[in-house]
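Across the two complexes that follow, subunit A remains constant while its partner is subunit B and subsequently subunit C.
Moving on to the complex of A and B:
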């Protein structure tokens, strides 16, 4: 199955005892398992020098931007204070309790594109491209580009060719992290129009330990292709847990009370142009769906 | 199952083999250490039968059954120069690159040295060469490759060995073989399991990887709601038919082949290739087109890509802009259309308080799609042919102005890598238009040319910089 093939990242589950790097002949796949840091930090692209930037140099002193920032944050703060009087999350409590559908992302204007980050394997030196723009009539978002699965020549990366669109973490006033609370819903509802390629939906939830930072809950999004819109409903019980592109043994259902981001990834090893048009992304409560989790609980030492 | 019986026999025999291995390799012993003891008992397994009894001290050249062309390799090894395992494959690659030659290389290697020196490097080289030989989707080849590992040497014998990642390089190599199988979506079979148990033992990394594959692959095998067969039809007309029915999503839709691909030789001797034109239209679309207002134009848009596994085909769409709300007439259902059940019910089905299953999102009305077609050559002439073919079943097309909004051709799409790629798009809002060729062909369709052009430009709100191809 085509999960993200980023195997240049250390596969920590294997071979922690390997500390020597055998200099094999160049035609053979080299097996370099780098030393694992105690705390998994940011991904460092292989070959990039570690830039030591002093912390005070990272602050940008710009007066007009500062004023804008102050205005924005204080408006958000005021909204937070006044929203509490209306009800939880700014909605009246009756509406909050009886809510069955919520359109979380609707692409109805250029500012909606600012909530999304698009990236491709260009960051690790690959040749894919991905762009995001508004679709026809400014009513949809249109993700398009080209995939190229030639791996970058850095000696470490073996597979490549992916592109992804990920929503930005919602922020409260003063850039505090806010989470989506989807605990009263159980299905993800999308309206998409693809070109027949299989995509993957990634949901990232808030975690506690730093090792869980790259924990993503994934499921497949198969597009039919064609000029008609496709309604896709995926219950949250179907999402399986992966870490850095590898499906994990210890599976559990996604906790919906603190969802950070949602993303779409394409990595189907077919070189060429792709496109995906999304009308809206919403969550809904399907009373007919009673499954809690689609995969079995983990057995520590399964017999062969 | 025969395989599981093999496993049981293996477990019981391993206890015997432990006693056997303590004997030192005697001169007369035919290297039987590296032959699985259970080979005689597991007659059904492929792997066991190909082991060759070799004398410990005899030279490899004396072995019977080796083809003459590999003698040059023996000279090379006697030269004692460094020869990579890739060279073995490359030598064979000068002839045909088939499964048979690949298997032959593996056989040469396995028979070359009883100790299988450098088997890890050999297996990595073989994994890399598999796509070139075209055997990457063949399970028997993977099993044969796993068979290259010497058996029972890497099996941990006590808890300390089990704890400390016994023979890590070989385990990683085994995992990489399984990972390549997983990449190509090949499900391993019981023979793989038996091989892994023989080579690595249970509760080792390759075995765990095998268990993971066997758990997750069946779960995700049928998860595609629009499955595509492994082998797509080769014939372009059949492929077009399959993909159009896939997109149309309507059992009643009818596929019509307007033109079959053929190569004609004209009088001047020039070869003219006629592309295939396959179209699809459902009865609902025919009705909608019949009710379409002739004042409003219809558009032929394309080409849009459709991917099926690794093949990309392009299709064109005949559609119209959505009718403005004031022109929408809601026709009541004709009760005589369906006599078995009423098409319209006036029941007051009040749902529960707060029970609302629809999203609060404005409905995107992009206009009706009237027909779709696929052709290998997407120029205006071919699409004109399609429209004239459609006209036979939809006579109203004769009065409706048809505008062509064609994007960049499929060939240009492959070369997306320049700076302009950001400005290219499949949808007509940013598309590069073809120039209008007025009067290039005399069509059978009769239309009022100028009046139509004026109407079209007034009616269709488009930016004036775009040129429109008007069917004359």
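Moving on to the complex of A and C:
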């Protein structure tokens, strides 16, 4: 609307004219769309029922759970203070120097499954399924499901069919972020039993600001099917850098002093059921492995 | 890095500090500080690693905030007193603001939180420049302003020594240990500032020499964590024998150079009637000494497990230049007997 017409509007319509700012000054402001969250509300995961509850009805006040939470957080805080007296990461310095292997994730009880997040392309509307349960004798974890590479019919997705299991970020007291410090180690050691499918191991380190948020260091895990367990040792120097799934030109080795999560992804375009059984995931220090980085860095004038 | 660009950046670093040294106008001093910040930013981010970029961003934000506060304080002073002389700043409000801005610049507690993370994200050479050269320009300004609020400086100083001591206690990353050691030393420097600025200058100079020595030792061993340092006996046995002495000098033990500033500071504080402050500072030095001793223990007093392959590197000569390390180590270990001469030079 032109400025002259605006001045003749009653004040109620003025407000709506501001909302439809496109019509106010069409030639100057390019076509803009307000944020999707404004029009449609927050992101809704496919399959979740739409909740139309008032905000005050969403509060779930449970006294005993609150007390448990307080106890848990204060115990963690006390442990943080007392661990400092012992040494780095709660271990004496001699033990820190001598440590050669560390089992970081061992699946020995139902609470160990709570450290992992399982997702598949159901989140974008696909048809794969993935579930996590404890294996036999509560000794291993068992990731199983079905992969389906039918793309969701939303008009913009062309490929689909992935399932992933990712560890949750370790948290200190009061839900503060903590990191895994694997700088004394140089190899990832897993004991898995798969079904012959090729998996990808993703390690995500701490990225604080903006554009590096989706930086993930990946390597392959080729499982051999069969009843025998497979010990996989992958040096951290072999992990290459990807960003949102694309391998980057400017490669660098993963810094192990602030590792956030590790994940396993399956996306091998083969529809059908899959299984992966993991006994433990650990890190070890291989003195014989002296390679710093397996790929060349993107240097325009390398020193030779 | 392209040698021309590297030359420009290093020249810019030198020029920035020199401008700040030579200036008597606040705007010129601020300009020198900004040049320093901008020149070191590409040096920090030259390895396009996410952590290096993160360290660069954090460094830039803190230094820019400090420079902006400095500019604001000097403008306030110009408004209140009508002049821009660095040594004539007398009004308490701009003086306090400038003290806090410069404290943020160098990493004094309670404005120290950026220093460990930033140093951790850098390689050892850039970390060396950050810990040594980048402290010179702000100190040139700190030494020239006459701080009027004694309590603020004492609190800043004591907080820095304590936080530097406690923070470094359970670190396994060497760069973070050096960051906390830097915070502790800066605390000692600020404690004595209002009584005897020349002792502050002496402490700064000895700290620069000791820290360069330590960084160069770590660079030679290519060590960034304690466990790597623990296998340095196989790479340079003579240096492994000397490094505990360097670390004890950092900790301030006689008969090494590091004792000199601590002795003079404690003496001056006691003369000024601040014996409890002196006691607290001396006790906090014990905390720092603990992690220096821990480094010495892991490096020299124990033999870390190593493969057979790792026991032979000492047979091959190193390709790194060891001349600066030799000079700074000699100065770190042997300057204490020269205390009378140095005090006569520096302390009027």
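Everything below uses one rule, namely that the second predicted complex is superposed on the first by the 234 of 304 C-alpha atoms of A that agree within 3 Å, B and C clash if a C-alpha of one lies under 4 Å from a C-alpha of the other, contacts with A are read in each partner's own complex, and residues count from 1 in each chain.
Keep in mind that, in the parts below, contacts are C-beta pairs under 8 Å (C-beta built on N, C-alpha and C of every residue); 3 or more make two chains touch, one makes a residue touch a chain.
The shown structure was predicted, so the numbers you read here are calculated from the model rather than taken from an experiment.
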Name the contact category of A:81: first (subunit B only), second (subunit C only), both, or neither.
-> neither
Which of the two partners, first being subunit B and second being subunit C, lies in contact with A:144: first, second, both, or neither?
-> first
Examine A:288 and indicate which partner it touches, taking first as subunit B and second as subunit C; both and neither are also allowed.
-> second
Have a look at where A:255 lands relative to subunit B and subunit C in the superposition and call it first, second, both or neither.
-> second
Once the shared chain is lined up, is A:100 touching subunit B (first), subunit C (second), both, or neither of them?
-> both
After lining up the shared chain so the two structures overlap, which partner does A:174 touch, if you call subunit B first and subunit C second: first, second, both or neither?
-> neither
Where does A:183 make contact in the superposed view: on subunit B (first), on subunit C (second), on both, or on neither?
-> second
Is A:273 contacted by the first partner subunit B, the second partner subunit C, both or neither?
-> first
After superposition on chain A, the subunit A residues reached by both subunit B and subunit C are 94, 98, 100, 301
Could you pull out which subunit B residues touch subunit A in their complex?
-> 84-86, 121, 124-125, 127-128, 164-165, 168-169, 171-172, 175-176, 182-183, 185, 193, 197, 202-203, 205, 207, 211-212, 216-217, 219-220, 223-226, 243, 246-249, 304-310, 312, 315, 317, 319, 353-361, 364, 366, 369, 372, 413-414, 416-417, 421-422, 425-429
Contact residues on subunit A for subunit C in the complex?
-> 83-84, 87-89, 93-94, 96-98, 100, 181, 183-184, 205-209, 212, 215, 250, 252, 255, 257-258, 287-288, 290, 301
In their shared complex, subunit B is touched by residues of subunit A numbered 1, 5, 14-18, 22, 24-25, 27-29, 31, 94, 98, 100-101, 103, 106, 127, 129, 131, 133, 135-137, 139-140, 142, 144-146, 159, 189, 191, 195-198, 220, 222, 224-229, 247, 249, 269-270, 272-275, 279-280, 282, 284, 294-295, 301-302, 304
Spell out the part of subunit C that touches subunit A in their complex, as residue ranges.
-> 2, 47-51, 53-54, 57-58, 120, 169-173, 224-227, 230, 294, 297-298, 302, 304-307, 309-310
